[in-house]
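See the structures that follow.
Two complexes come next, and they have one chain in common, subunit A, joined by subunit B in the first and subunit C in the second.
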Partner chain A sequence: MLRVARCYSLARTKVAHNYSTIFRPEYALKCGLEIHTQLSTRNKLFSQSTNSSTPLVDVPNRHTSFYDIALPGTQPVLNLEAILFAMKLSLALNSQVNSVSQFDRKHYFYGDQPQGYQVTQHYRPFARGGKINLSKELDGIDESSKDISIVQLQIEQDTGKSHYTDADKDVITLVDLNRSNVPLIELVTNPDFNDIKQVRAFIKKYQNLVRHLHISSGDLETGAMRVDVNLSINGFARVELKNLPNTSSIINAIKYEYQRQVELISRGETSSLMEPETRGWTGSSTVKLRSKETTIDYRYMPDPELPYINLAPDVMSRVKESMPQLPDDMMRMLMKKPYQLSLKDAKILTYNSNQNDMYNHKVLRSYYLETFQEFFKLVGEQGSAKLPTNWIIHEFLGDLNKLHVPLIKAQEILPPIVFAEFLKLLHAETISPTSGKLLLFHILETFQRSNCRDRSIPDFPKLIREFELHAIDQVDSQELVSLCSDIIAQHTDDTFIRNLTSGKKRTSLKFLIGQGMRRSQGRIKASEFEKKFKEILDIQW
Partner chain B sequence: MPLKRSLKQSLERLSSLQSRYNIFTSVSPSPYTLSNKEEISKELAGYAVSIKDNIVTKDLPTTCASHILENYKSPYDATVVKLLKQAGVHILGKTNLDEFGMGSGGIHSIRGPVINPLYPHEEKRIMGGSSSGAAASVACDLVDFALGTDTGGSVRLPACYGSVLGFKPSYGRLSRFGVIAYSQSLDTVGILSKKIDILRKVFLVLDKYDAKDPTSLNEELRGLIEKNKKIKKTWKIGIVKEFNHEGLPKQFHESYFTFLKKLVSLGHEIYPVSIPSVKNSLPIYYTLSPAEAASNLSRYDGIRYGYRDSKLDIKDGILFAPTRSKFGVEVKNRIILGNYNLCSDGFKNNFIKAERLRVDLVDEFDKIFRFPNVLTNAEENPKGLDVLLVPTSSKLPGTLKEFEEDESKSPANSYINDIFTVPMSLAGLPSLSMPLKERTPIGLQIVGQYGDDNTVLDFVESVS
Partner chain C sequence: MYSRWRLCRIHIAGGFNHFGSHRLASTEGARIGKKFENMNQIKDFLSEPVWSVHEYLATNVGEEKLKLPPVEVLKKLLRLSGLPLEGADIEGIQMRLAKQLSFISRLHNIPVNGEEEMKEYDARLMKRKTTRLSYEKLLEGIDHQTQDVELGEVSGSWKATGLAAESKNEYFLVKEGLLKNRK
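On to the complex of A and B.
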């Protein structure tokens, strides 16, 4: 790494502070967010260097071109992919894209700022306006619906990174320029937030949106998404909170700062709240970084060599056509008829959780929707929407996770049309749910044992015969009586029977039925067992 | 054909000329000889050239005559250098200049001032800047041509003072990739030579679109210019009222009238013309160019390359102040002026206003030329002019002493030297300064409409 001798980081004092989080109506919170999002373009914003979004595994300063390190004579060449990504985000947020926008230089010196300025959009940003809607239904906020309006979106360069180290008493700064010139979108909201739940919901929603659009990893942990907060209480000056590396820091910093200002206001010590200031988060408290007097003048200047971004009239409409369905619309579609998914299940199909290696939400969603369609083609209107939902989202995914079989592989032996056949067996009660579970697991386990190489489509009738999984419609009465008696003898005593027959502990019947289901491997219906147990034990309730 | 002298002769003369006129910042260590036939058949085979030391080269250091870039060696060649190498030239060396191209005297260099070779036996006189070494290398016949850069007159003024041709093409025709930025909305690579045919040949080699330069004129507009091109035998020539000719030296007037008479006798038509915005040129120029300079020079912090203070990166809370204090005084003046122009309080009144006035100036130029401006889409004016004639300098080259004294009274004194050259820089127009008399430092600019470089070259060729 480049060594910048002599540390020039800001001194930070850590102040431990206990705080309770009581939001009081007489102290009205007003809050806005400023979100920087790294775009996952192939190359950097103004050079051909690789835009590497995995900073932790990379060698410092590997992804740097002559331009990125600001060698004399180098020039910026705009990466149009970044413009495309910005258009997608603007469309998703309903922002008004300016037909002409421009790049400006923001000047300040820093070791990880090789040009001595950052190229951003100050005078004519890429897009203005737009909003994100939060709702009780989808986002769990207290209000039934709340719009967070957006001021503007601007495209800009990221800076490099400084690492401060103590080496042999001499404090030095190491500079890594891999991040320098990575494209960012800065989004600024209006101060529309008045509750912390809204902030949390917005961040989650925005994060899901950029992932959904495939324009950013949206990860706070890696710095691909960075959130600054501005906040004011009862109309006092705005305080900006910085250095908030994850959602819990964001939430805790707001809580802390709210509490701090409430205390000052309630004590009448408001002199420090008259001028805007910038505060950092130490992990336990907010500390002043700079106030208005120490703010530097960025001396914004239109970049003299980068061309204006002039969008052709038909560009926006063409990008619009290529846009995927947006998450909220998709959620609402999935929660309505005919699917009627729960919020939780709809989320599984809509959002990229980045947490499961066995499937991604997009493959799963199309698998679900296709199977759903095929299933209803087979069974007509009589079918229950719950069947595909439960069997795909819960049973099938559960098996895949257990067996470590990726969905994309499992689809080879169980394409939607075959899974629909399987669901038809359950719908027609050809096999019981218990047998269905055994069958599905067996099929997937066999597939897994072949290292996912045996791609023959399962022959359901043959397997059902082989394992005798047919549901028994005509139960042999003698057999049933002896099975039930056997269970009673094995699992009960006098007290048990007394409590059951008297109705004092009715759940015991469920236990007995469960035993019966287990012994018959689910081939005899629960209702048959219930009838027979009641008969044998003479249960009147 | 290259000038009739061998490279060997050039190199032999070089060291004594260098010690007298301080032309080069570095010289190629080994003479280069053409060996195979392929090399000899190239467009510029055998031509010797010098490169201004603010254009990056892999083989020689690039210092901008600044302490800040002392011993800096670029890992890549500028596009114009690459094109010249491909065309078979031999680069003799890098030429001295006013630090980062800032100056009109050729005196603001850590390597000391360039001395005008037109006055070998008198008190030392200035070469004019900032492409001072470039002009001197041509004037001394050390090279067939030189590459310089012109931001507000930096090729044309020293060409005038050295009595050689100095051509600033239309902005964007020659790639700036690898040209160290002073003020890139104005910076233009220029060509200096004694021979118009050589100059034209070099222009043809360099006049190419470069995807690495975002301000390079694109292929579409180049095609449009080609389509608009007209071959003419006689031209409509304009003389601009607003350029005050009265203060010009007597010597200039004599040669100028002789020249005008010659033009009339050749059948050309001469018209007076008014461009009122010309009077705003210097304020516009000295608002915009220092602002861009202050911004462009922000990168010199010593961390990644160039000079770095051996002890401190920060002083009195100001980052990189110890390193950056090593800029020369003229560069510092312009950084301060530029930052002042960009301060949030004055930005609207200074920078934005200057940008607006610059557009007005371009509009006025568009109205008087016949050739349509492909950048502004201005309507063609069939009755318009083909070229303008504008003196290159209001003065003859003064002695070093006079120049330094003038400048120490007020830095603005040297800024006034740019009055005749700056308007064409602001409008990006092609402008060629040609000597009106042999071995005499009086020059006249032939100015064409944006993109009409061809007419300018045709004109000079026809009167040479």
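On to the complex of A and C.
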């Protein structure tokens, strides 16, 4: 397992290294995406059977109704939760929702599609238009701003899952229909991407958006989000890339296909690029799946069993009112005054990775914002915005991860108002940062040892006294001189002193201060040490 | 003439509903008639000689006026259909196909009376005007979702693979040939 991970990371480094060299301006890349997103509704799209959130561990065919496996005589009934979720996404993307949309049948035969057709929206989709804006500031693309426009959003049902096996003598396909009839939204973009950074940024942004709206887990690894890529170079025919299970596959498949086509074009062998084709990703190369000759005729027809979706105007206006602030607006708010967060910190508060059990971005953000407010109530305008940022996002979260204490639990003993008190101690230099770190870790560790049951609010003054953590305001000058002299004697030689006093190697002073902080366990301020060392060594700069 | 559209909802022994439709039309237009009540009515209806294919074919359209599909298109269609090119009566097939196309285009041109507007997406047997869904009704519908054990909606309440002739470890089985070696 470890070996696989290592190979994978090496491969990634190699590709990343090649990135800047493979794209050539004379071969213009044009890309569009087709993204299928599973909606996390309670039940399935046209039946009320369970839409499981743990598909990887479920017993096969356990969450299947008679409709899901297409027993004769069963009929579809629309799950309205899918309409609500689709409305949220359409509004977030600024798409125009059709007041009347409809379901249609797309026919094709496959083992994991028991009906012989997929119910989708072909003639009148749920919404059309809309965009996602990418920017240099927030998404790290090369252009200062770029809109990726959306063609349409349609609601449709997922198929079952096929597991191919040739372990048996008789080669068979195992079919699990738990996923059959799970609601999906298919989003199609225009071919607006011309750079791989834009593709990566779009996927990340869209993934975060569906998580933010609580309409999907957005996980590529479990198949909750699946991305197909349409790609063409210098106006040649479009190639569709499928079977791309994660972001690195998507990126590597685009790079591979780009290089493959550039080679064909540069050799003048463009006959195979004249007609559209569909290619799959094997993990290291793209292979042809279908060409124009084998295109399937889906024989679309309006579904005769499902009434039109006819939405009253208040559906849009009321859902709009209930929408949360969107991630981009939130990021911009956090990066401006009074918070002034860095892009990285703003992302920690806005992007949900689904990968940290200790906190989620929503709880963390409201904790941060509340603490920030309480802190400024206590210290007034003189407070530094950096203090709550550094102590919550870095120290506090770091401790929680180390001790495996969830934020939601830790809040019971350190609610925002108490954490603001703690920050005030640092602001007033009642304790030094080093002592603050010790104190915070001690409080959380004690809480963890009680199995998060001892919910008493920490008494900071008592703890500071008990552990003698208070900063030393009145440092005994003689004591400080002898401490500094001792450090100089232990850690320096003539060359060191010469380089330091001449100003040739000024950073050496920081080293001495660090030693001082260590010896005093952070209770004497760095500025005191700086002053004293300069005095003793007669440093003039 | 015999201008009728008929919608039937036939109750079949065994209990499930099945929609069927008949579309009969002539140059005079089309309409939806009364619904069929039983199988005999359908049989009677179908046994009436109501129209003749000749009405739309050679008798009305002279062979010399038919627009023949190009030979290249025809050959491609034969290839797609898996039919032999060798020894094929290309001219004969061209003529037959031209007649069929002319027939279909005549059907497309039949005026459909009584409908102000006909759209492709309306071509189905459901109400074209449906009740509007309000925000309140939407939330109500979401809150009142219940799983019906009678429809197998409760997880684990029945064994889906129990109906299959073959299954393996709770999976349905599909022989690979069906999936991969399709033409």
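What we mean here is this: the second predicted complex is superposed on the first by the 499 of 541 C-alpha atoms of A that agree within 3 Å, B and C clash if a C-alpha of one lies under 4 Å from a C-alpha of the other, contacts with A are read in each partner's own complex, and residues count from 1 in each chain.
We take it that a contact is a pair of C-beta atoms (placed from the backbone, for glycine too) under 8 Å apart; a residue touches a chain by one contact, two chains touch by 3 or more.
Small disclaimer: the values here were computed from a predicted structure and weren't measured.
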item: When subunit B and subunit C are modelled together on subunit A, clash or fit; value: clash
item: Contacts of A:70 with subunit B and subunit C, given as first, second, both or neither; value: first
item: Touched partner set for A:175, first subunit B, second subunit C, both or neither; value: both
item: Contacts of A:81 with subunit B and subunit C, given as first, second, both or neither; value: second
item: Which of subunit B and subunit C A:107 touches, first, second, both or neither; value: first
item: First (subunit B), second (subunit C), both or neither touched by A:304; value: both
item: Touched subunit A residues, subunit B compared with subunit C; value: C
item: Which superposed partner A:117 touches (first subunit B, second subunit C, both, neither); value: first
item: Against subunit C, colliding segment of subunit B, chosen among 1-9, 397-405 or 415-423; value: 415-423
item: Contacts on subunit A seen with subunit B and repeated with subunit C across the two complexes; value: 66, 69, 71-75, 109-111, 175, 301-302, 304-307
item: Touching residues (chain side subunit A, partner subunit C) in the complex; value: 42-43, 47-50, 52, 59-67, 69, 71-75, 79-81, 83-84, 102, 104, 109-111, 123-124, 162-164, 170-177, 293, 301-312, 314-315, 317-319
item: Touching residues (chain side subunit C, partner subunit A) in the complex; value: 14-17, 19, 80, 120-128, 130-135, 138-139, 141-142, 145-148, 151-156, 159-161, 163, 168-176, 178-179, 182
item: Subunit A - residues contacting subunit B, complex; value: 2, 4-6, 8, 66, 69-78, 105, 107, 109-111, 114-117, 175, 297-302, 304-307
item: Subunit A-facing residues of subunit B, complex; value: 55-56, 62, 64, 69, 72, 74-76, 78, 176-181, 183-185, 211-215, 291-292, 294-295, 297-301, 303-305, 312-314, 319-320, 339, 342-344, 347, 351, 355
